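Chains: A, B, C and D, in written order; residue numbering restarts at 1 for each.
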Amino acid sequence: MSVLAALDLGLALLVVGVAAWTVSARNLFAAVVGYVAYGLLLALVWVRLYAPDVALTEAAVGGGVTGVLLVTAGKRLDALASAEIGAPPGRGLKIFAGALAALVAGALAWVVLTLPSTPPSLAPAAAEAASGPGAGLGNPITAVLISYRSFDTMLEKVVLILAVLGVWSVGADAAWGRAPAPLRKPEPDGAMILLAQVLAPVGLLIGLHIFWVGADAPGGAFQGGALLAAMGMVAMMARLMAPPRIDSRKLRLALVAGPAVFLVVGVAGLMLAGHLFAYPQNFAKPLILFIEAFMVVSIAVALPMLVSGPPDGGAK
Amino acid sequence: MTPSVLAGLVGAALVGLGLYGLISNPHPLRKLLAFNLVGSGVFLVFGIVARRGAAAGFAFDPVPQAMVITGIVVAFAASALAVALILRLAAASGKVTLDPRAWTKPGEGGQ
Amino acid sequence: MSDLFSLVAICAGVFFFFAGTVGLLRFPDSLTRLHALSKADNLGLGLVVLGLIPRADTPLAALKLVVVWALALVSGASTAQLIGRALRRGRK
Amino acid sequence: MTAPGGELLVFAVLTPVLGILLSFARGGRAAEAITLALAPVGLVLAGFVAWLVAWSGAPLVYEIGGLAPPLGIALRADGASATMMVVTALIVPAAAFYAREKFATPQGGESRSALTFWIMLQAIWAALNLVFLGSDLFNLYVALELLTFAAVPLVCIDGRPETLAAALRYLLFALFGSISYLLGVALLYGGYGTLDIVLLGQKIEGTPLVWTAAALMTAGLLAKTALFPLHIWLPPAHANAPAAASAVLSGLVVKGSFFLALRLWFYVLPGLPIAAPAALLGALGGCAALFGSILALRQARLKLLVAYSTVAQIGYLFLMFPLAAAPAGGALGWSGGFMQVLAHAFAKAAMFLSAGVLAEALGHDRIAQFGGAARALPLTFLTLGLGGLSLMGLPPSGGFEAKWFLLRACAASGQWIWAVPILGGGLLAGGYVFRILAPALGDGEVKVKASPRRSQELVALGLVVIALALAFAPENFFEFIRIGRPLAGGGAS
């Protein structure tokens, strides 16, 4: 066994082990912390699968932003220590769950081991389209997201808006229009403020860089936007920035900017290139970067708003 | 064993672990964690499919990878909505149980 | 020559990581564990980065490696501070 | 490949999406105005698509971005999807019109419940249109997620703890459903390198990979459709939502995931021997029809009763699988199942809207205290009675037409076993409809807190009249819903 294979095996065991810990930990908060570590380990698995774009997304969204969301939730739930949990599962339910899980995992493993020996792939089709609809994009994943399957990506941005509205709608009637609660209860101390002051500007730069190179190299609107979102959250934790009021016009416009620009350019494609969501050959790359720039804004605003939760105050 | 086959088995194990947690754990936040485990297992299956599809000079098939990126963002949005509901439920009622019986007022019947 | 340098530096870095991990697992309380972890990580990562610099393709890549180390330093130091304070609050 | 007029398919999805974006950006009263202004546009688009499909007698296809599948995404309207689009374009505006008073925005302000309701209603419309038109399994996953994110906040719009719990349970079931579906999608891509329904339908073989994928996707869709035994989330969710939302959730949203189950088994897997899994789905459906009806009989509150009746009526839908997959009488089974989808959509929407009128007027919806209510609210009880007629399957109603077709399919294919839930469920439905009407028609004096709004009662009556009028659907309507449907055993009709 080569060194790399041994490392792979170790990584695999570690990921499964941490996942098992997350499921079985007695303490809620311990499970949450386990999940955050799990997200970061998973990013390494993606690197090993030659998926740097996914690894970046997993590290930023799956590990980072989801981590903040869950840790914040765990702390807020702990504060409501009296919260009553349902009855613990009976033995019958556990056996049933275990049997079902084993069945599904077993079937899945069997199918994975017997995938067709000549794997089907759209990579050749994507390579061919790189001179047409994906013109000028060196990163095929960006071409898939913003050109070949642009309809998915546009609608997925609408999902984000619905999620933001759904989160807001859980708040109290009297609080509507106000700002969400700050991400961190205690007053920030020196270390936190220093961290935000040093990290946020650097992170901002790196986020923009990741977005900008995304057309040709790993990165893009998702990863760049998620990094900007993370920097925004660090600044909010240090109270260098307050969460905006949810009725702020600027906030609403920033949230719809990505899908709205996507939709307008997509419809304009009917006139410019003869098909909805098509790009004229010579302008494909600048148009795609234009759309992505607005998507970065929407993602960078939507993720911190989703973590911040509903507008605060006016509790019954 | 190639890394992609290994990752596929990890994905299968994660789906199984998550499914077990989803069914057997009564706490909704724990169910949410378990759902995220299942989700990442599913994404890994996409990942090995992408890696196996390496062709035409690409080290991977870009289509499934793009789907994973979309999926990760959607899974995060779902987690945020679920967390908001759980916190509001706990704050409004002091309970986080999903057991329907806990929410039926006496005399209203139902299950 | 540069290969040898890389080898030595990275091995030294890995040793510090190893020592830090042992400390994390074996030390009795949170503060000492934190001490082991932050010292070892900063130094360990620094040595690994130092070993990788001669192997970078471009000066920009080398710069990125240094930035990675610097960012890890900043976040490591701040987190250690934050955890330390949280511990002190918890003890009061 | 793209047919003339294919752009309409994209616009049918984009119109409500545009409405969402504008409503969210403008906020306040604009959300309601935009929803009501775009509703006729949506209806015209749906009608036009249906006309184009009927006129050409073939599915209408649009390749987005001019890029053909498998790399690109196509939208495809066949007879079934065009019909469902029209149904959606009738029920969603009806619910919107009905809800104008409850979700009115205060002058110069913005209210939580109103903004949420109007935007989520448009989102449900966009998502459903995409569910009906989508031809790419991952694109359909995005549609399912849109549907979930739109439906869940509607359940807990009034913010009471029990509605939050119902919404949370619904969300967890729906998320499990999506992820299980997505796992199947991943496997199918790994096996065939395409997710286009038509291309997959041509290539698919009965390998373990395909059966595993089909099982996972079906399990996910069943959880979202609330088929017995995965139904427990539905009654509290649908009974606790505001009436206008319940009408859309029960009448349309559960049909979305059901429609995808049909797509999977009859369009992706048409060439495979599906008799055994279809029989299993039919058996679950039969159990649901009987079990749901029995539980409906035991409910004390009208909205819960109507919600349990949805559990039962969903059961009938799944009888479509064994009956439409049978070599003999398959066409009858398809027509009957589809008629059941339509009849239940209109009848159930009408009944939930009526239940809302009733609850507003009486201040409660406890059936035991309905004594004499029919005299105070004659129109509403007429609607409930006529809706009940369709649920029971008595003539003249769409429900009768559906059961008649399904029974003839049982006879043609010799599968008499399915007649048991069809007839038994009808009898039980008679029981629970009688339970609503008997006290109301009897003696007693109810206190009417607020007189019912005539416009709301008429909306509900209008929907139930459509449910009855379906009984007179001409033969060529059934030919229309078969346009573009591959026949079991290969070949297109």
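Methods note: a contact is a pair of C-beta atoms (placed from the backbone, for glycine too) under 8 Å apart; a residue touches a chain by one contact, two chains touch by 3 or more.
Just so it is clear, the model here is predicted, and its values are computed rather than measured.
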Core chain by centroid distance, with centroids computed from Cα atoms only: B
Of B-D and A-B, pair with higher C-beta contact tally: A-B
Where subunit C and subunit D are represented by their mean Cα positions, the distance between them in whole Å: 57
Subunit B and subunit C: spacing of chain centres that average the CA atoms, whole Å: 33
Centre distance in Å when subunit A and subunit B are each reduced to the mean of their C-alpha atoms: 13
Chain centre separation in whole Å, for subunit D relative to subunit B (CA means): 26
Touching two or more other chains - residue numbers and ranges from subunit B: 15, 32, 45, 48-49, 52-53, 61, 63, 67, 70, 74-75, 77-78, 81, 85-86, 88, 92, 95, 97-98, 102
Two or more partner chains touched - positions in subunit D: 71, 138, 142, 145, 149, 152-153, 156, 159, 164, 183, 187, 189-190, 193
Residues of subunit C whose C-beta touches two or more other chains: none
In contact (per the touch rule at the top): chain pairs: A-B, A-C, A-D, B-D
Residues on subunit A engaged by subunit B in the complex (per definition of touch): 5, 8-9, 12, 15-16, 19-20, 22-23, 28, 31-32, 35, 38-39, 42, 45-46, 48-51, 53-54, 57-58, 61-62, 65-66, 69-70, 73-74, 76-77, 80, 82-89, 93-94, 96-98, 100-102, 104-106, 108-109, 112-113, 115, 119-124, 126-127, 140-141, 143-145, 148-149, 152-153, 156, 159-160, 163, 166-167, 170-171, 222, 299, 303, 306-307, 309-310, 315-316
Partner subunit B, residues of subunit D touching it in the complex: 71, 138, 142, 145, 148-149, 152-153, 156, 159-162, 164-169, 171-172, 175-176, 179, 182-183, 186-187, 189-190, 193, 232, 235-236, 295, 298-301, 304
Residue ranges of subunit A in contact with subunit D within the complex: 104, 107-108, 110-111, 114-116, 119-122, 125-126, 129, 133, 147-152, 155-156, 158-159, 161-163, 165-166, 168-173, 176-177, 247, 249, 252-253, 255-256, 259-260, 263, 266-267, 269-270, 273-279
Residue ranges of subunit A touching subunit C (in the complex, touch as defined): 189-192, 194-195, 198-199, 202
Residue ranges of subunit C touching subunit A (in the complex, touch as defined): 67, 71, 74-75, 77-78, 81-82, 85
